[in-house]
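Two complexes come next, and they have one chain in common, chain A, joined by chain B in the first and chain C in the second.
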Partner chain A sequence: MGKVMLEVKELTTKYITRFKEDVYAVDHVSLKVEEGKSLGIAGESGCGKSTLALSLMGYYFPPLYYTSGDIIIDGRNISGMEPDDIRKTILGREIAYIPQAAMNALNPTGKVINFIEDVVRAHDSKITKAEVYEMASERFNLLGLPPSTLERYPVELSGGMKQRTVIAISVILGPKVLIADEPSSALDVTSQKMVIRMLMDLMEKQVIKSMIFITHELPLLYNVTDDIMVMYAGQMVERGTAQQTVFDPLHPYSKGLMGSIIVPESGSRGVRLTAIPGTPPNLKKPPFGCRFAERCRYVTPECIVRQVEPVETSNNRMYRCIFSEEYLRKAYANE
Partner chain B sequence: MNDANKSCLKGVGLTKIFGLGKQRCLAVDHVDFDFKEGEIISIVGESGSGKTTLAKMLLGLISITEGDIYFEGVKRDISSQRKKKEYWKNIQAIFQDPYSSYNIFRKIDTVLLDCLVMRGQKDLPAEEKNRLITEACSFVNLKYEELTNKYPFELSGGQMQRLMIARVFLLKPRVLLADEPTSMIDACSRATILDMLMDLRRETGMTIVFITHDIGLAYYVSDSVYIMEHGKLIESGSADEVILNPKQAYTQRLINDVPKIHEEWDLSTVDAR
Partner chain C sequence: MKGYFKYFRNKFFWFVVTLIFAFLLNFLLPRLMPGDPVAAITAKIAQGSTSIETVKEVYKEYEQLFGTDKPISQQFVLYVRNVFNGDFGTSFTQYPRKVSSIIGSSLGWTLALQLPAILVGWIIGNVLGALAAYVKKGWDKVVMPVAIFVNNLPAFGLAVIMLVIFAVQLKWFPTSGGYGFDLIPSFTPNFIKSVLVHYQLPFWTLVLIAIGGQAIGMRSMSIYELNADYVKYARFMGVPDGKIIGYVFRNAMLPQVTGLALALGTMVGGSLVAETIFSYPGLGSTILSAVMGSDYPLISAATLIVTMMVLAFNFLIEIIYGLIDPRIKAAQSD
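After this line comes the complex of A and B, so read on.
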């Protein structure tokens, strides 16, 4: 077992709406990412994937608030720290975050290098321009981006190029954990592949130590990550290796998700997709029992009245359902 | 299904040039195709390949520089507004962004009633209109009672996209152009929308043309696939032929670049520079 880079224990965060209602978008989520490993997070829109990504940084701003739980990065607990300390010492150095529309983050009126200077100066005010330039061009070279990009304005770059530039900037201080939230969903397939290739390079060349990758594109997740965690209504419902979760899902929700995969491979035509009916529950008033009960085809009265705790299985997997592994497998086989 | 070999929508030498003089941009370059009745067709290409421009020409939303459109064997002139209105009885569209597909000042009731007016059923008794609309809504798993007196923006993106399908269900056109209908929604709702469109084809026998960049989706839904690059149709044929046995390098690259789950996804084929 490798060194644990990121450990999250029972993290709960909430949004407070303008009507003072609490929305628990991340509810007692625990996870662990080891050195050199990547964790994928899957789920529908509105399941709390992106909120989890934001919460993991430990830097909260309204309407997102911290409730309870611990975030431990490489042995250091950051959950109780002051927001200003987190911004100065943790973000960028220990943990970095790439949001979905990252490419729009570049300042249109400045060159890429000016942006990098700002980023580096925020953490180290003594560094000189020449040093920043050297550091940046070295890093860009390593990642296969032409160093001439540094002298360009964002409008001169294509979408895929901008995205890769932003990724290169976000890891310039060599963070231990990189959180990538749908980094390639706005790009066409070729640019997407370049972005993924770059993320893989970052891991291989040990610029970053571990990665959390969020997307709803399951084939992509399967190819990029070692482990996959499925989220539903703010909770983790299943966790296992990518192979296990995609080809042998246990939780009925994961099963439904995997049934919606479309790939251009022989044999995938004419197979009816298993769309899950309905929508995720309103998290202002989450259901008391299993949160998926309303949409589950194997639902029993017990599911609605009993709170379901995660079950750990023999081969280090986890799922949150009242049924046993054998029961679920048998049910899926009879479909 | 209707007679499989009857031509439904046919384009001969369709060309669109934007701009004038030296600034000319050839967006669609002498495209020929023949969509058969009851077929599901996909036009696949990357951003900038001209697929949306082609769709807009077929809908009469932009003028055609050169070439003709034949609908059910008859050449169609869609230059005037009156002729377009007539043409739109046969051809309808669903767009990528459901949020901008509605008139925000009109309530959902009006949107759906307008469909009946367009079909020439303005004088039906109120109960009959209500029944037709309720039927259309239940086809897409929406409850009409819950939609009355609401505006489109009160619905979620997935619901709005389903309401678009309900409109198509009411209008019953012969051809439906679906321009990236699922690219803004997640994989799970995508399955729902695709299933509904397939059911729609089964019930009405309409021809559906998908415009998409997602080659996996194209393979899953369509009978025939057309590949577009730089405004030209470079490859066409049945879905199995084109996707499993691509002849053009461009098609091969498109397929290679999509992550798969049974075959290995080769990252080394892309040049990071």
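After this line comes the complex of A and C, so read on.
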């Protein structure tokens, strides 16, 4: 087992709305990413994927608030730290973030290099302009971006270029954990491929030590990450290797999710796609029992009255369902 | 820089085209107003004279003097030639004063009143708006309603309120004029003191009106920019708040710069209301009396100055914009 780069224990965060209502978008989530590994997080819109990404950084501002749990980056617990310390010593340096909408992630009236300067200087005030430039052009070169990009304004870059520039900026300080929140969802397929290749490159060249990749595109996740975690209504419902989660899902929700997509593999031609009926629960008032119960085809009265805890299986997998592995497999086989 | 030159050339071309049209309309519109100014002057001059012949004679003479007997196209050529020689003609209503001398004497008063008022109002308004957006909490709850209230108060209403409170009730300031009516303009301490006292009410009225609009605009722009994606991203990359505020307010200022340019452009004729209510001897009062008396040369000259100022400031602002906002340059050089 490699060195654990990021460990999250029972992290819970909530949004507080204008009307003082609590929305638990991340509810007791635990995960672990080892050095050199990547974890994918999948789930439908509004399931808490992006909120989890924001929560993992340990820096909260309204309307998002921290409730409980621990975030440990390379052996250092950051959840008790002062927000200003986190900002100065952790963000960008230990853990970095690639935002969902790279289109507007850069200040429209500043050159790329000026922003990089601000980022680098925020962590090391002594570094000179020339050194920053040197460092940035080296990193851009390594990632296959022309160093002339540094002198450009964001409006002068195409969508794909902008996204790759944002990625290059995110990893400028060689963070231990990189959190990519749907980095390719707004791009065409060619640019997507370039972005994904770039992220793989970063791992291979050890610019970053581990990665969390968030997307709703499961086939992509299967090709990019080592492990996959499926989220539903703020909770994680299943975790396993990419192979296991995509081809042998245990939780009925994962099963439904995987049944609704095409994974380009041999044998997928004759498979009929299915949809999951219904909509996710309102997270202002999450159901007491299993959160998926209302939409689950295997639901029993027990599901609704009992709180469902995650179950660890023998081969290091996890799922959150009251049924046993055997029962579920038998049920899926009988369809 | 090649892109910028192209941008500049394009803007300059449109500046010239607009100027030509503005010039034409400036000449034409006052002359399309109903009423015959020459007849009015003749009536005044020939008062008491019973001979129709004499009246006709006088009318002919003035018609020739002002050139109103010629066809309008010929008048235009004449007008353009004179304007280029710095001659705006003779005023109808204040005959035989030259238009240029009337405007010269009132323009200074207007500029001295408007320029500081606009600048002070703009700066205070923007600072208040930015603070309201950034500090929020109680501050925003006070600044916003007050700003909206002041901004929606019509200029004449605010001017009259100020007049009643500070001039009539408290008697801190005089009610009208640019200086004491018993004084002759000169650089004596007595006269300067009188000017300063008369200056306060119109000045603060204009400042108050400017503050309201600017604060509202700046507040909403700042809130919009503070919620932009780049702010969140910069935060998550550990960039300190001071730097981020720098990005935000620079971007939020851009539309405000346009607002300032427009205000400066229209400032010469803009304070008509305030000047009228306080009987301030500026260009606004002059334009008002010129319109009342169908004084073509004076109206044309005054509106020409206003038009030129508006166009010049718009042109200037577009040139500056091309330098400070890379988005505009990029859009133009495509």
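Methods note: the second predicted complex is superposed on the first by the 325 of 335 C-alpha atoms of A that agree within 3 Å, B and C clash if a C-alpha of one lies under 4 Å from a C-alpha of the other, contacts with A are read in each partner's own complex, and residues count from 1 in each chain.
Keep this in mind: a residue touches a chain if its C-beta (ideal position, glycine included) is under 8 Å from a C-beta of that chain, and two chains touch if they have at least 3 such contacts.
Please read all numbers here as calculations on a predicted model, not as lab measurements.
Novice: Determine, for the superposed arrangement built on chain A, whether chain B and chain C clash or fit.
Specialist: They fit side by side.
Novice: Is A:L257 touching the first partner chain B, the second partner chain C, both, or neither of them?
Specialist: first
Novice: Using the touch definition from the top, say if A:F292 reaches chain B (first), chain C (second), both or neither.
Specialist: Touch status of A:F292: no partner.
Novice: According to the stated criteria, A:A275 is in contact with first (chain B), second (chain C), both, or neither; which is it?
Specialist: Touch partner of A:A275: chain B, not chain C.
Novice: After the superposition on A, what does A:E217 contact: first (chain B), second (chain C), both or neither?
Specialist: first
Novice: Quick one: is A:P146 in contact with chain B, with chain C, with both, or with neither? Answer first, second, both or neither.
Specialist: Only chain B; A:P146 stays clear of chain C.
Novice: Comparing chain C with chain B, which touches more residues belonging to chain A?
Specialist: The larger set of chain A residues in touch belongs to B.
Novice: Quick one: the Cα-centre angle at chain A between chain B and chain C, nearest 10 degrees, please.
Specialist: 70
Novice: Give one of first, second, both or neither to describe whether A:Y232 is in contact with chain B, with chain C, with both, or with none.
Specialist: Touch status of A:Y232: no partner.
Novice: What is the minimum C-alpha distance, in Å, between chain B and chain C after the two complexes are superposed on chain A?
Specialist: Minimum C-alpha separation, chain B to chain C, in the superposed model is 10 Å.
Novice: Which residues form the common part of the chain A surface touched by chain B and by chain C?
Specialist: None.
Novice: Hey, which residues of chain A end up touching chain C in the complex?
Specialist: Chain A reaches chain C through residues 54, 57, 59, 61, 87-88, 90-93, 96-97, 99, 101, 103-110, 115, 118-119, 122-123, 153, 155-156, 166, 169-170.
Novice: Considering the complex alone, what residue numbers of chain B touch chain A?
Specialist: 46-47, 141, 156, 158, 185-192, 194-195, 213-220, 239-240, 243-244, 253-255, 257-263, 265, 267, 270, 272-273
Novice: Taking the touch rule as given, give the residues of chain A at its contact with chain B in the complex, in rising order.
Specialist: Residues in contact with chain B: 44-45, 143-146, 188-190, 192-194, 196-198, 200-201, 216-220, 222-224, 246-247, 256-257, 259-266, 268-269, 272-277, 279.
Novice: In the complex, go through chain C and note every residue touching chain A.
Specialist: It is residues 228-230, 232-240, 243, 247, 250-251, 254, 324-327, 330 of chain C that touch chain A.
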